[in-house]
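Both of the next two complexes hold chain A, though its partner changes from chain B to chain C.
Right after this comes the complex of A and B.
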């Protein structure tokens, strides 16, 4: 009979964590170069990019740049809602603003007005749910929800993000 | 009676997309600097980091570095499973390997063995579901699943990722 000892389990767990640490790719190097929150900043940036890609797919249809495709629109909306609802609370530690770190354009205002940030974030999440219900229901439904979703992105960016150019 | 015209809706949609384009932060600049897939690479890197953070929280408990906390363990496992199940298929375009791009350590082998990659990815996703069922059920349950989850990370990293040091 083969048994896994407790020590064996811990050893496996340690290996697993060591393997995972590498998931940060050059995360450790980044952290050294860019400060203690480099991984949090890179993670939230990556998740924002993922959302932007999926909104981009919906927006291209809304604007008529790409032919409306109900299945593709639904998929993009599902992806967006899933990414919007990720618990990213650990990715916004106090002190990870653009005053302290070169790798972010998050303004200190985000932390100074955390309640406002949370409220605007909730609006965005709700808008992605509405989009999820509409995107597959026809171009006009998608366009109408895009007109509501966009401002929820802008509300946060305008208040808590440095201008991008 | 106030009506939103079709042109008005499209204008709002265009604004929304413009606002969102900025979600890439300096994504456009990155894309210019690092090649056409800089955003995909940054997005998948960020999502990997998010997963790693949550596995790290579970691993710290598994190793006894942090006291076991059922609620915290469950939250980390929920986060991990949600991030593992994101449809990230658009983040791995052909040609976004480390032979073509400096910003990634994904090996060409990933694309040469796409079926293998998909199978290993499915194993990882299944392991995160098992962890989700176990993490809140006690330290030993968490440790046992960590011993199964870790190798699913390692299987992909060993086959499709350049060594990190």
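Right after this comes the complex of A and C.
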């Protein structure tokens, strides 16, 4: 019984090692195909897109394209704030800029001015919290916060992003 | 036998030299070009925003410090190009470092002829090739407005431009070849499209970044607004002709107001600075720019290099 268990554990371990090795090899090959930092860049884009979709839901109401709906606005603002507060620090490794990878328009300036990036990021997070407090409180409150949220997106994009590739 | 030939060659060379001398000479406006125009600072504020002066002449952001107001025009922003790096000068009304001592005619000569008050050529990084299309009254109004802004004592820095481009006299040839006050988009335009053309082609100088240039730095009018590489860096300014920009008039107007794209991405890079200015324009002016962009001839982007 004991022997069987050890053999079982050994074989499971062997399988796991093989699987890991395989994954590692596949991962390495994939990363080579897609270039360095491909996964970090893809994850950044995914988070940005998710934020944009929720800002879009709020923006459509702010502009009057969609009728104001307090519950829907609150949900979008909650999602936005949650996505803004994700700890995505691991997605911004040194050198993952537009010089290293064609898939990003992040400028090296972002890493040269890390303190500025962190400060602008904090402003954005604060603006999403303010939106969370306002979105369900009526259209005018939402519109007022929308006007403050936009520039916090722009502050980072202005300083650290190339126009297009 | 030989002597008349030599004399002829010498005469031809002298004539050629005289021709080059004449062609490269800075050519200011007639002395009475701005006579009788009285500037209105209130209207000048709109010209200032439409012209995007602050987008280049405000002080560059310094890491760790809150940005100065964009009405402080001390200069210092750097612009890389194939010809060298240009540094935006101080255009605040400071009497020694800025342009506080300029007359209306001085400003008109700078903006419409690219000529300084002391009679030298400016480099066309200063978009006089666009401002040449501006109305003299708008320049008088802008002059009145600029004088109301706070003086800044930052000295202007010399451009970092090597030989032969450091010989400013040569810019006379550039102007002779490329300065053209004619509208790029011609034809039968509505009043709104006409206003949009004025804002985009004259004051807003959209084409200075969004149009490709030839190897002498002249804008290729046949490829107007079809995108161009960012000088001295990776990336490119996008094609904003209808061949690529398929946004609605409302979408473009919104972008010039809040910086949000239809997908709720937001403007970045120098365009964010542009929008900090267009955001101050009357809504009708932003809509006019959008209407104009719909009338620009579509030009396909060049295929990406393999």
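The rule we apply is simple: the second predicted complex is superposed on the first by the 133 of 165 C-alpha atoms of A that agree within 3 Å, B and C clash if a C-alpha of one lies under 4 Å from a C-alpha of the other, contacts with A are read in each partner's own complex, and residues count from 1 in each chain.
Keep in mind that, in the parts below, a residue touches a chain if its C-beta (ideal position, glycine included) is under 8 Å from a C-beta of that chain, and two chains touch if they have at least 3 such contacts.
Computed from a predicted structure; not experimentally measured.
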Inset, instruction - Return first, second, both or neither, reflecting whether A:159 touches chain B, chain C, both chains, or no partner chain. - result: second
Inset, instruction - Examine A:139 and indicate which partner it touches, taking first as chain B and second as chain C; both and neither are also allowed. - result: neither
Inset, instruction - Pick one for A:45: touches chain B only (first), chain C only (second), both, or neither. - result: first
Inset, instruction - May I ask you to decide whether A:72 touches chain B, chain C, both, or neither, giving the answer as first, second, both or neither? - result: neither
Inset, instruction - Applying the touch criterion given at the start, work out whether A:116 contacts chain B, chain C, both or neither, answering first, second, both or neither. - result: second
Inset, instruction - For A:56, decide between first (touching chain B), second (touching chain C), both and neither. - result: both
Inset, instruction - In the three-chain superposition, say which chain, chain B or chain C, touches more residues of chain A. - result: B
Inset, instruction - Considering only touches as defined above, state whether A:91 meets chain B (first), chain C (second), both or neither. - result: first
Inset, instruction - Look at A:99 in the shared chain and tell me whether it touches chain B only, chain C only, both, or neither; answer first, second, both or neither. - result: second
Legend entry - Shared chain A contacts, counted only where both chain B and chain C touch the same residue: 48, 52-53, 55-56, 59, 63, 105, 146-147, 150-151, 153-154, 157, 161, 164
Inset, instruction - Provide the residue numbers of chain B that touch chain A in the complex, in ascending order. - result: 4, 9-10, 12-17, 19-27, 39-40, 42-53, 55-56, 59-60, 62-64, 75, 78-79, 82-83, 85-88, 90-91, 104-105, 143-144, 146-147, 149-151, 153-154, 157, 161, 164
Inset, instruction - Sort out for me which residues of chain C touch chain A in the complex. - result: 61, 63-64, 230, 233-238, 254, 258-260, 263-273, 275
Legend entry - Residues of chain A that touch chain C when the two form their complex: 48, 52-53, 55-56, 59, 63, 98-99, 105, 113, 115-116, 119, 146-147, 150-151, 153-154, 156-165
